[in-house]
């Protein structure tokens, strides 16, 4: 009888630890599923920090589409760079945001949700498709984080962006 | 003596319940006073949500001047669209913001205050009257919410905006 | 024995009050060190307020490079105004932000930290040096506030700004 109880407890613990392990890795699993890797976190070239945590909110500095320390997508959208590439630029900004969040809190399973994105598109006058571009970031967050990835958002046009980047995105996250 | 006390208590409760009722409706009363109606809330066309609440803060996604599901004010301010119409566009953005707040919390009397507006004006180079345009939103909030409507604000020029909208405004509200 | 205890307590209090006094004045001391003075706080010309405090966060309205109630740096950066002057414009925006923070909380020693800056640069198409310009503000905050001055940041280009200002910066601060 005691052995049975012990077996049940051990099985219970084993299953739950497994669930925990699965939960902890779901974002990494999803990254693999979509053939994506987190970029190395970009170190700000200027006198500011990549994120600031206050209580349960994390403010992430505006992220550019950087990969291996280099800007991957530059120029004015729909002129120097296609809509498809601009959407990939937004996706890469979001990957950089996630890399910063992970650096800040250590593990993706501490994310309660993504609160807000503000997406700036390096766009010419009369451009109107900002939402489609910034969807590159929003879709990624929902694909990777599920319900926790659903955020409030503003998407606007910028006359120019740092390093002539095609897109810049800043974010606010809430942690558990 | 007991009856007198009871009468006082009942009168007190009745008056206060009335005050409560009046408070609940003051924003709706003000909407009527200014001949305004809340637009139907716009459903985001993209993979994000119109608002996210975290603790007592509500982050409202950037709202365009939409009415009955259609963009009412498009184009570059002071070129395609007059300053007066641009101010009405800002007012309509604010009405959409209030409609989202109401959808989020159910009743206007749960609003503690409007914390912050960020107003983006689709403006040509050298344009300088952003404050007057965004006043269309700020005046509305103060007219409808009184002291609770007074907010911090930034107003800036955007080279372009989603759907070629004349104005886009995002907001942060605090609830009780 | 009692006198010894009393002396220790008085010495302890005296030293700590001194430490307090030093802390209270360190930002003012740094302002003097860098030959800077806080500008008079600008009163918003429109129907909004210069700051809103919610719990421990203060949202500061977008500040322009104002001195003695007048705009000091106008025009498009790298066209009408040099990069050096634009950086000074960003510094002046940050001084206006600090003046608003002080008006809000009374003393600089209540600042826990600067959470976030959003810097808008009145920049022509293809401009890429926004970080260097907004460093005028970031460097100032770190020079004056030390570790407490380190913030998250976004820097973007605006097609135009209120009063044709060269720079506009908004901020979020956390207080103790």
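Lettered A, B and C in written order, each chain numbered from 1.
In this text, a residue touches a chain if its C-beta (ideal position, glycine included) is under 8 Å from a C-beta of that chain, and two chains touch if they have at least 3 such contacts.
Owing to the predicted nature of the structure, the values given are computational and were not obtained by experimental measurement.
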{"item": "Interface residue overlap between copies chain A and chain C, same or different (over half shared)", "value": "different"}
{"item": "Angle, in degrees to the nearest 5, of the Cα rotation that carries chain B onto chain C", "value": "120"}
{"item": "For chain A paired with chain C, centre-to-centre distance based on mean C-alpha positions, whole Å", "value": "29"}
{"item": "Overlap residues in chain C, where contacts from two or more other chains coincide", "value": "118, 124-125, 157-159"}
{"item": "Residues of chain C that touch chain A when the two form their complex", "value": "56-57, 113, 115-118, 121, 123-132, 134-135, 138-139, 142, 150-159, 172, 174"}
{"item": "Chain A to chain C touching residues, read off their complex", "value": "44-52, 54-55, 59-62, 76, 118, 120, 122, 124-125, 157-164, 168, 170"}
